[in-house]
């Protein structure tokens, strides 16, 4: 019976990252943080309707995992995982527009904040009910298995979401049918205000064995470790080795949403994790490798300011369109392929 | 971390059974089988509306577990567990009436076959949706913990039911709050026509550890072993030691319901288990101990024939009562106490 | 044309669609080796194999969620709920994931959920329900409920070819009781209403199992000419056909087997009260199951489910109005 | 009498009941330390402790199932769904276990489920729903939906003391917007309708958040005398009050915020069309959200949810009928 193992960034996979790949990984994390910081300001300015959720401090989890996915793979991206959208090919401008409820946003104003996914890029947008998308990922993987395709599905879930029945039904089904699916458990220590101690008695990574597949613990703030663990899981999946549960240890550095001051979080905990910032960690490595990190930051800043400037100009959707599209009138279109950024796929 | 252990009928608990207790255990198994055999005939005669489910070959699971429960404990009894109702104090006559949809049945004709429980005897009748009652048992145990009472809740579930989300939500919640609840997993090898291999990749008894409490495998056809494992779990529960998952290995010796010829079950499997009949096993022990087993059988037979004769005479409920009782009009009455048969409670 | 039962017509639709479209597959509990609790899928696994006629774990949310996932990558899943009552166990996946997907992100979810529904055989509170109203109240789900063998086949084929999630209500009490001529090959029945019997003194509007009860009840009612409108589809609802019938007849009885409050019949009645008011020659009468769980014991169940006599009595009263 | 917001009135009811009945406890996600997503339970854990103000795992089915279990052994659980939309995740426990328990076995299930519901603040498709019709269609569940602060407190106390499962719909858009005088101590508001404004030319029948929209829309409508009937309770439904209003006014507009098909408004309309037909001086008009998920972007959401102007326009048309 497979039991959980802690995988440090394993030479094997990490060495398959070129310097350019590692610069890309940093770039996507910088874009994610830059977009969310600007969006938070927009929210405070009243430009973002509803609420606003971000993934500050968790950028490595989505960046590292999504970077290991191939164009033909399929993803259900969650609300702390903006980097995954960027890696699949979603432009920052459309993300700003999405937050602001403009017609050029990914859902054309129908859904809010992070509840989106670009179907042309192989992504199914999340629903609010967590972790419902795990079952959708299982279904995609089931289709791949039935058709004998060497592809896999990946989705994220939070520590709180492990308490829901859908999490169990998904893990069990994936295990019974040995499906090519990867579950990335994003353990950011809290579910809204609820600490993991009220969510489970045993770290859920231990449960993978009870479903018949490996559970792997990874440093969720180390983007290269996330890439390595995901690539390993993906290769096992497409070779018929079945699912993997990757438990990424990280920390939610903001409140649950913009309105939440997270007074319930002990400050030592925040201080501890502030010292382990995923972007600073990767920057340190790249500076050592001679990369002009300052230049990269500036580049991303310029790019995002321009994206935001353009997005601000996009119109709101027309009220007259509100009732359109409840049903599909034409042919059902399956998901398209996303971009595969890793040089190993080139 | 607790992991699953196989408990043979442990001297400690089994020796707490007097010979009279053991005769009682056999008596309840004989009554269960006798009632279900007669009910099956009634069904074939068209006297039992709807469908009919029985627990042939599984009598030891409910008899052994229920026998270890105290009067103040609370139970949710499932559809293969008729002996548990008898042990709590339900009279055979009312069970026959229940099957036949008569007004003197436990649900007064509102619900069918085994979907009943006598609230005055501390039992909540099961709903069809499986294993929903696990959550109800968790809630009862939660109330006991909040009120600081030394009582526990027990429910059964089938192997197929382990695939449902509610099973996970119940086990997880019970583990987090260390509740005094016992889950008896009745592994009778099939869920309707579905073998366990299509239900899970790993024996669910292994999962208990992932929820932070012990999982114990027991020979479900040995009524004394069932009693021992349950008594041990109960004592742990009321001492604040938390939940236990007892996995009883057994076999469903009839089809899923009366209409099912179970052609999908390999005959070797049936033959194997026929050689391990729980009633014959206990009879063997008692004969060796000098008990007049034939006399006991005869006694039970007479008793049941009389019960059936009386039940046949009970009227059907009046059509005029069909709309009554959807809502409770008076004071809500909590569950009452059941009978505690074990001499250790006397 | 071959004659077959309502049940055989459903099996036939599945077989035909699986033969002509390899994307179509069926999944559910005990539908493979065993052929399904009602034997609707009997023989299909032998012809199409275990992947296309898949025995699933006992997990309804997973069945719907997995179907959604398979659908968005190009498959055409047809799920069976062993009884329609179990739709409560996958309600979230159905209404929140499947139902809202296309509106939110333009992604179609071509899945079919087969729902063996209805009472009349002592199934009790958990095996007799008619859940259509819950589904009708969830935007993005189509809901159909055939009453004849030919419509059962044609509507199931239409549902499978529809790019949207379609809930297919098949009434258990019609499975073997109802036979009829069913065209061979594949054809689609439109999701519109059907006149089950012509008439112009009064119209009984219903669907599913109650169509037959209504026909029997109104067969010979003091010589009155009573139309029976079989809705066939509840979402979309054929409002034009309903209003036309009201215009022709003036008197309306709406019958459904579901619990009365907020039922499909309530929607039909509200529609008429708003848009057909001027045609009405009397109150819109309803016959439905009261808001009570469906009891098990025959006399109780009979007292709850609409009977021929209940409908006849209501029609008599309205005719006399 | 102290004046307080709708939200404070709900908190007050919980506090009063927990003080006078130790069997009462509240449970839900983030309701303890954090005081709830909307701060309804703020301060309660400090006063009553972590067992009586319990932070649960994120598991809605478990919340309802555990509440049922606690209730049948003598507790009085009050559950909070973080948003009413999540009721889809515990639908099975609610309709099949809680709703049918008393009918099946005479066992009462005194639980309350608090459901923060409704839209109007860009909550999007998963945080704006009004699920009452789903619950009304499930036998054995009571459903109440207060519109004023005083009724919110009185109905919540009545719900907690009711021996049955009661779904308590609290409209998020009223939480801080609506204030009013609220009696101190404990009192019960009857589960009957309330006349929010007298009038006899026409009646607008509604409940919850739409009561205020209806009052504003009909405040000054070419001097017409328009009654506004606030249902307050949907199960039981105050049919007598509805029919009385129809008898007095003759013209009826039914308004609800939920998606139109099979909504509470459809039931009210069907009831009137059957039992109040002779009082009607015109069609029964309905105003409701179309069968569309509630969109996020302000112009879309506004186009979907009933607005003051939509109601006013409908009333104008009907007055002119």
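The letters A, B, C and D name the chains in turn, as written, and every chain counts its residues from 1.
Keep in mind that, in the parts below, a residue touches a chain if its C-beta (ideal position, glycine included) is under 8 Å from a C-beta of that chain, and two chains touch if they have at least 3 such contacts.
If you're wondering where the values come from, they're calculated on a predicted model, not measured in any experiment.
The most distant chain from chain D, with centres taken as the mean of CA atoms, is B.
Centre to centre, using the average C-alpha position, chain A and chain C are separated by 40 Å. With centres taken as mean Cα positions, chain C sits 37 Å from chain B. Centre-to-centre spacing of chain A and chain B amounts to 45 Å, using the average Cα coordinate of each chain. For chain C, the set of residues that touch two or more other chains comprises 56-57, 59, 61-62, 85, 88-89, 92, 96, 100, 103-104, 125-126, 139-140, 291-293, 295.
Of all residues in chain B, those that touch two or more other chains are 107, 110-111, 115, 127-129, 163-166, 169, 172-173, 176, 198-200, 326. Under the stated contact rule, the graph of chain-to-chain touches is complete, every pair of chains being in contact.
Those residues of chain A lying in contact with chain D across their complex are 49-50, 101-103, 107, 109-113, 115, 127-130, 160-161, 163-165, 191-194, 198-200, 264, 316-323, 326. Contact residues of chain A toward chain B in the complex are 1, 162-169, 172-173, 175-176, 178, 197-202, 204, 206-207, 209-213. Within the complex, the chain C residues that touch chain A are 25, 51-52, 56-57, 59, 61-62, 64-75, 77, 92-93, 96-97, 100-110, 139-140, 142, 163-164.
The part of chain C that touches chain B in the complex is made up of residues 29-30, 33-34, 37, 55-62, 83, 85-86, 88-89, 121-127, 290-293, 295-300, 302-304. Contact residues on chain A toward chain C in their complex (touch as defined above): 74, 106-107, 110-111, 115-117, 119, 124-125, 127-129, 132-144, 146, 153, 165-166, 169-170, 172-173, 176, 325-335.
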